[in-house]
Every structure is written in structure tokens, then in C-alpha cells.
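The same chain A turns up in both complexes below, where it pairs with chain B and then with chain C.
Up next is the complex of A and B:
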């Protein structure tokens, strides 16, 4: 068990709380930086996706995990980011500008959906965002002049100041750098008054507003920040695939993004990364498992079944997700003989009616 | 055309009714409703095509089978998260939907193909004062109306119905009043899945039976929202509004508006009435 003896206020705001943090994150960073040397081409491609999904996961984590607002329409923000990037690149705008614009336009879309969201709660919010997602998807399909409709859009590799990032390794470093930047931005945001306000809103809107948190301002802000991060993710996603079309931004994409947050562990930034990795690796595991199916059963449904089952089992048995499981394991070893079974137990609660507001 | 819209709206209304029932009792939303509908359709398919049963027996069989499925789902999946925030339940039912959809495509004999269920009144047409009324659509409307009346009286006058309403308003108080909340929840899931099966069967002649039929459930959503969750008449009105708006949008507006019309209506309604047209709102006292 580690006790941190604080002798200085600066210790409270330091990013790495103790030497262990420095060591392990340093090691992780070193392994990731060296990835082009140890990873095969296939693994590199998976790493790209993990980075991209992590960024989107951070965005969704801020909205759902920390502010407590559900969004079933995040694929729309992903789409806004991806299409902004595609169109701007086609127009010859430099990458730094176009990816910022992707973030800004997504944030604007986030504000558009965030404003009505101020009046909505719980399930109505989920459905409003769902409707928004569907409408955006349809707009992209129909506005053929701008988006190319179902024929989609092609993208060239990223080019920064005349330097073409067309190899896997170069694009990987770009993704990794942006992921780390976004992660640090989120960590900083969450320990700022804004982040505290988000958490206060999640825990109780009434108490938050009593304590002087401007609900309208912070909820809209949460939507905007979340959408901006998703937009950045979307821009990278577009470059990774090099081809985007409306069917990549359906409701299922939104649900998949939401599962990243849930499987990873809701309310932890680590969870976003773990969830992203899990979601990327899962299809591979499933395709291995397809070989074990008995004769006569069509393997096409297996992915949906496994996906659904994992979601259900996680929610019932591990509501804190992968990161929660890690926390439990860690606490077990830290407290070694004294770990008790009920330490992380969910409290019994009774449903609070949403009809009262 | 208006009639077609109304008939389609009735199907949405039935789907919405399934949502509303569960919401009324447990204040959670079942995102797997559309998939349960699809499963009901497949049960009916097995009964009518493989076993060769008559139409009415098919309906009874599918509704009963789905009621059992609904109760099982509640017992196995929903009970462990009883009392958790609505978001948890949303995700768990989304998971359930995935499983149902996947299982249906994996079952031998169901798969991903499209099937048709024979109904006794497919091509009949009544002419009433120069207006041609397809019996099929009239049947859909009639059955919906009958079912709604039944449910209304159930909630209004039967002990179980009142118990279900009490549970929905305050679980804790309902426990104190001696209502077996868990059993009530289980029954409401059974009931709702039964309604879903019914909707699935009524829908079968229109859209045929296939494993992606559940997406109609996503249209039932807007219906439930427009009417306001937690209001049975609201679900019906909402379903009708969505059905008619869709039919009109398909006719008067350019292509593409038909599919999103429902969602645009939802966004507008939610902007104006944040909890639906018939939604009840109370004030929270601290």
C-alpha cells in the first residue's frame, strides 16, 4: 500500500502523482513509440484504429462519463469531422487548419444539439440525439453535391508543410501525438473548475445548480468539447480509411462508440483507451471463434450475439468496465490479505422517477 | 393514402405501446422492442408455415411464446440491474437487441432470408361510398383499436394494472404497499413482449418477415416520444402522427424526406414539449 505524504500544494496538481506513475507511463510511451519496429503491418493498422477510437472515446467519456449526458448520435459528429477534413483537403487547405476546422465544425454541431438538450433529460435526450444522428446521416446521403452521397469521398494521405505522411509509421506517429495531446487536454480539463462542474452536473443537477453551476453553459460546453474531440477523431478516421461514405456513420457506429465508453469503464479516461483497444481486438477474436461453431449454423450472426452478450455481461457483472476490473485487481494486491469482497459493490438503489423534474 | 398512413401509424402505435408499457411500469426504455417484434414475427412464421397452423392459432402461439421470452429476459438480464439509472438499462437492452438479432440469423431455417406469412384477408377490398378500403389495413386499424381499449381498461380498473402504475411511480413506496415489484416488472415485460409479437404479426404482410425487421422499432420510438412516454393514448396518437406524416412526406416532398420525417417531427416536438405531447410532468421537490 502506498501512502503519498503531501508536503507541498504543487503535489496536488502534478500530473504524475508518484514515481510509479512516471515509470509505468514512461514505459508505455516508450513501447508505443517503438511500435513501428516491433509491430507487423497488421498490428500497426490496428494501432491506428485504437488511437483514433481513443480520441473519440475521450470525447464521449467527457459527455457521458463525466457530465452524465447520454448521446446516441455521436456518429454524426464523427461524420462532420470526417467530411470537413475530406472537403478541406480536396480544396487544398493545409492539414493543421483543416483538422482544427473539423474540430470547430463538430463543436458547432455539438452546440446545435446541446441547446435543445438543456431541456431534455435521460431517455428523451437519448432519443433526441438518436434522431439528430439519423437526420445528419440522411443529410449526408442526400446532399450529393457536397458529400458525393453514397459514392463517398476519397482522401489523399496527410501532408504537413510539404511532408507527405504516406507510410504507416508516419501516420501512426501523427495519430499517437494527437491522442496524447487530446488525453492531456482532457486530464487538464477535468481537474479545472469546468471539469469539476461537469462531474457535479453528473452527480446531481439540482445540487450543481444550487452551488452556482450554470447548467445551460456547462452542458452546452460539454457537448461542444465532446463533439470537437469526436471531430478530430473523425478527421483521422477519414484519413485512415482514405474513403468515407454515409454508411460508416450510422446508428450502429454511434452504439459502437458508446460501447467503447461502457466496456472501458464509465467515468475513467483510462477506460476510453482500454475500451477502444477492446472494441478493435474483439472482431479478431470473434473471427477465430467462428471456426468452433457447429455445422448448419450460419456464422453471420455470431458477431452480433457476442457483441450483445459482452455488453450485457459487462453491465451486469462489471459495471465499471475493464478499468474497474483493473482497479479491483490492483486494490486486491495493494491491500493483500485485507481485500474484502464487497468493497466495490454497487449500492442498492431505488429508481428515481424521471417524470418529476 | 391517408388510410395507408393511418394503418402504418397503427403498427408504429403498437410498437410504441410496447415501449410505453415498459416505461409506465419500470420507467426504463426497451431498445430491443423492435427486435422482439421481429422475433415474434419469426415465431408466427414457424407456426404458420412449418407447422401449418391457422392464422388465429399462430397469433396466440406467437404472443404466448413472446410473453415467455419477455419474462425470461426480465428475469435474466433486467433484474440484476433493477433500480440502476436509465442509461444502464438502455445499454443493456441494446445488447439484448444485438443478441436477438444475431441468434435469429443463426437459427437454421430462419436465417437472413425474407419470408411471407399468409393471412386470410390479403387481397379483399371493400368499397364504401366510392372509397376503396383494403381490408388488410382496416384489420390492422381495428385490431390496434381493440388492443388499446383492452390495455386501457386493464390499467384503469384491474388490480394488477393499478399495481403496475404504482410501481412505475415509486418503486420504494410500491414495496411498502405490499406490491411484489419484481413480479410485476416481470409480468409487464411479458405483456410488452406479447404486444410486440402482435405488432410483428400485423406488420408481417406489409414488410414481410426478415431479420432486420426490428428497425421498424426505431420508427416506433419517435411515435412513443411524440406522444410522450408513459401515456397509452399518447402512444396511439404519436404512432398515428408519425404514420400520417410519413405517408404525406412520401407523397409531397422530394425523395429522402420520408425516412427522416419521423425524426424531424421528434426533434421539433421535443423542442416544444420536452416530454412529449401527452407527457406528464411533475415538479421535483427537494
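Up next is the complex of A and C:
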């Protein structure tokens, strides 16, 4: 067990709270940097996806995990990012500009969908964002002049200042660098006043507003930041697949993105990465399991069933997700043998009769 | 000039007149208490002052500014802080984080600076922590600084909420039943703190309270309400002896 003796305010702000952090994150970084040397082509491709989904996961985590606003329309932001990148690349715009535009346009879309969010809550907000997702999907399908409709759009590999990133390793480093940057931006945000205001809105809107948090402004901001990150993810996603069409940005995609944050652990940035890894690895596990099942016992829809089942089981038995499970395991060993079962149980809050809405 | 003034304040919920033509004035540096039986409209007045409800009639002025058309966060920005009767803390955050959210109105950094965590953000964060640490010292919260609010007992939560309001460095502090749910010792501590807040921090206190012992200890003036209207105003002793107040609490002699 480690005790941290605080002697300085800066200790609270520091990124690595103790030597263990430095060591383990350093090790993780080294392993990831060395990936092209140890990973097969197939694993590299999975790592691309994990990076991309992590970025999107950060975005959704900021919105759902930290600001408490549900979104079932994040595939729309992914689409805005992806199509911005595809169209701009086709027009010959440099990558640095096009990916920034992907973020900016997605953020603008986020602000638009954030406006009704100022009045809607919970399930109603979920429905509104869901409708938004469907609308965007429909626009992409119908606006054939711009998006190519169902024929989709092809993308060339990323090119930065004349340097073509056409190998797996080069594209991997690009994804990794952007993931780390987005992660740092999120961590920075969460340790400054804006991040605290988000958390305040999540936990009690009424006292947040009585402490001077402008609800309208900060909710819109959460939507914009979340959408911008998703847009960056979308741009990389488009490059990874090299071909995008409306079928990739359906309601099902939105649900999959929400699954990332719920499985990973709502309210933890680690959760976004764990959730992304889980969702990428799971289909492979399922296809391996299919091979073991007797002939005729493996229906084609098995993947959707397993996804749904896992989501339900997590919500019932581990609402804190994979990261919450890890925290519990760690605490168990740190406190051994004094860990008790109810330690992480969320206490029922005291009666709240003063709900003003 | 008046520091904080409420004139002809009223609100109707459908056919129910919850607050009717209430007017009072709070002087800078005093502790002003609103008392009254259940349902007298005390908390409703607080919610009207915080602009959580739109008033049906009346005018609220704070330092010569009419604040009726403000939104709740603007009221907080002026330097009016409040606590809630049933505690509205951020449960999944630590005590320290709760108090830091109280510093929200003193933030100075822009979003892009925060995303990059520039040196100015770092300096601002350190300053915020120093300010919060003063409140922690004042309310003796050092022991629970890093505990999650969700695990704290009720009495301590009450103190944390008071701390969060103080962290905003308010000019006017609204306390909604600071002693409800507290045992006699905790109530005693609360009385000391309210006195200190008034004397040493120079914060004007407007509170709603039931515990007459606490009221007479800390208040300079008292306003008694019944069924949404003012029935008496004066020093604690005067109001307690007022026939209309006795009637409101105990009923008329047969």
C-alpha cells in the first residue's frame, strides 16, 4: 500500500502522482512505441482501430461520463469528421488543415445539437440526439453531389508535407500521437475550472448554477469539445478504412460508441481506452469461439447477441465498467486482507425534496 | 444606501400564493434571519432570491443593482452564495474538488489555455488551492479533504456545503436551515462558525432557521413569516414575544 504524503499544492495538479505512475505509463508508452517491431500486420491494424476508437471514446467520455449528457448520435459527428477529411483531401487541402477542419466542423455540429440539450434531459436528450444521428445519416445518403451517396468516397493515404504515410507503421504513429495529444488535452481540461464545471453539472445542475456555472455555456461547450474529438477520430477512421459510405455511420455505430464508454467505465478517461480495446478485441474472440461451437450452433447474428448480453451484464453487475473492476481488484490487493464487499457501493444519497425541475 | 433589499416580493403557483408582498432589507455585515412555521414560504424566498423561480411580482436589489432579470449563475457572480436545506453537493467528487468548484467565479483562464495547461493555468490552480485551503482550515475539514462526499456523514456534508459557499468568497451568504439534521454539538459548532463568518470574514448572512436557540444566538434581526406574509420584524427577543408569532406557531387561545 502506498501512502502519499502531501506537502505542496502542486502535488494535486501533477500528472504523475507517484513513481509508480511514471514507471507504468512509461512502460506502456515504450511497448506502444515499439509496436511495429513486435506486432503482426493484423495486430497493427487492430491497434489503429483501438487508437481511433479511444479518441472517440475520450470525446464521448467528456460528454457522457463527465458532463452527464447522454448522446445516441455520436456516429453523426464521426461522419462529419470523416466526410470533411475525405472531401478536403480530394480538394488537395494539406492534412494538418483538413483534420483541424474535421474537428471544427464537428464542433459546430456539436453546438447545434447542444442547443436542444439545454432544455432536454436524460431519455429525452437521448431521443433528440438519436434523431440528429438519423438526420445526418439521411443527409449523407441523399446529398449525392457532395458525398457520393451510397457509392461512398475513397481516400488516399495521409500525406504530411509531401511525406506519404502509406505503411502501417507510419499511420500507426500518427494515430498514436493524436491519441496521446487528445488524452493530454482531456486530462488538462479535467484538472482546470472548465472540467470541474462539467463534473458539477453532472452531479447537481442546481448547485452548479448557484455557484456561478453558466449551464447553457458549459453544456454547449461539452458538446462542442466532445464532437471535435469525435471528428478527429472520424478523420482517422476514414483514412483507416480508405473508403467511407453512409452504412458506417448508422445508429448501430452510435450505440457501439456508447458501449465503449459504458463498458470501459463511465467517468474515467482510462475507461475510454479500455472500452475501445475491448470492443475491438471482442469480435475476434467471438469468431474464435464460433470455431469451437458444434456445426450449426453458431448463428450469424451471434456477435450482436453477445454485444447486447455483455452490455446488459455490465450495467447490472459492474456499472463502473472495466476500469471500475480494475480499481476494485487493485484495492483488494492493496488492502489485503481488509477489503470488504460494499466498499465501492454508491451510497444512497440523502433525501432530495428540493428538486426544482 | 441599502446593501440588499427585497420589495413587494411575491410568487404564485397556480392558485397558491406561496409568497405575498414580502419586503425586507438586510444591512451590510449583519445576520438576518427568516423564521416561520412549515410552509410559510421561507425556502421559496431563497429560491426567488437565487432566481431559481421567476418572481410573480416584486423587486430584488443587491448593491443598487436590480437583479430580477439575471440568471442564477449571474447572481452567483455578483457574490451571493447559498447552501441548500437538503444538501446539494457533488457526491462523486472529493471534498477538495467540491470546494474548488466553489472557486468557479474566480477563474481567469480561457479554454485554450486549459487544454494546453499553460503556466498561467498552473499558477491560477495553485492560487485557487491556497484560497480553498483557507476555508478548509477555517472549518476544520483537513481530515476529510480527499474523501469522497458520498462517504461522509450528514453533519460533515452540511459543513462541506457551507465551505463550498464560503469558497466563492461571497458578500452575501444565504443559509437554508444550517442546523437541520445536526445534533446539539454540531449545531453549537455551526453557531460559532456563523458568528465568525459575520465577524471575521465580514460576510453578511441571511438565513432561514427553525432552531430558536441558534437564531437568538447569532441573529441581529429576525423576520417572521406565516403563510407567505410578513407578520413581525425586529430583534430576536422582540419577534419571539410578538403575539402574532406566538399565534402562528401555537394557535389562538380558546
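Some points to look at:
The criterion applied here is as follows: the second predicted complex is superposed on the first by the 339 of 357 C-alpha atoms of A that agree within 3 Å, B and C clash if a C-alpha of one lies under 4 Å from a C-alpha of the other, contacts with A are read in each partner's own complex, and residues count from 1 in each chain.
The criterion applied here is as follows: a contact is a pair of C-beta atoms (placed from the backbone, for glycine too) under 8 Å apart; a residue touches a chain by one contact, two chains touch by 3 or more.
Note that this is a predicted model, so its numbers are computed, not measured.
Applying the stated contact rule after C-alpha superposition, one finds that A:145 touches neither chain B nor chain C. Once the two complexes are overlaid on the shared chain, A:316 sits against chain B while remaining clear of chain C.
Once the two complexes are laid over each other on the shared chain, residue contacts for A:189 go to chain C alone; chain B is not touched. Contact with both chain B and chain C is seen for A:206 once the two complexes are overlaid on the shared chain. Of the two partner chains placed by the overlay, only chain B lies in contact with A:124; chain C stays clear of it. When the shared chain is aligned, chain B comes close enough to touch A:258, but chain C does not.
After overlaying the two complexes on the shared chain, residue contacts for A:301 are found with chain B alone; chain C is out of touch. By the touch criterion defined above, A:10 reaches chain C but does not reach chain B. Comparing chain B with chain C, the partner in contact with more residues of chain A is B. Of the residues of chain A, those at positions 206, 346, 349-351, 353-354, 356 touch chain B in one of the two structures and chain C in the other.
Those residues of chain A whose C-beta lies close enough to touch chain C in the complex are 9-10, 12-13, 185, 188-189, 191-197, 199-200, 202-204, 206-215, 221, 267, 346-347, 349-354, 356.
Of all residues in chain B, those touching chain A in their complex are 23, 26-27, 29, 77, 80-84, 86-88, 90-92, 94-108, 111-112, 168-172, 211, 218, 221-222, 225, 229-230, 256, 259-260, 263-264, 266-267, 270-271, 274-276, 279-286. For chain C in complex with chain A, the residues that touch the partner chain are 43, 47, 50, 52-53, 71-73, 75-77, 81-82, 84-93, 96-97, 100-105, 107, 109, 111, 114-117, 121-122, 125-126, 128-130, 133, 150-151, 154, 157, 164, 168. Across the interface of their complex, chain B is touched by residues 64, 70, 116, 119-124, 126-128, 130-132, 134-135, 138, 141-142, 206, 251, 255, 258-259, 262, 296-312, 315-316, 319, 346, 348-351, 353-357 of chain A.
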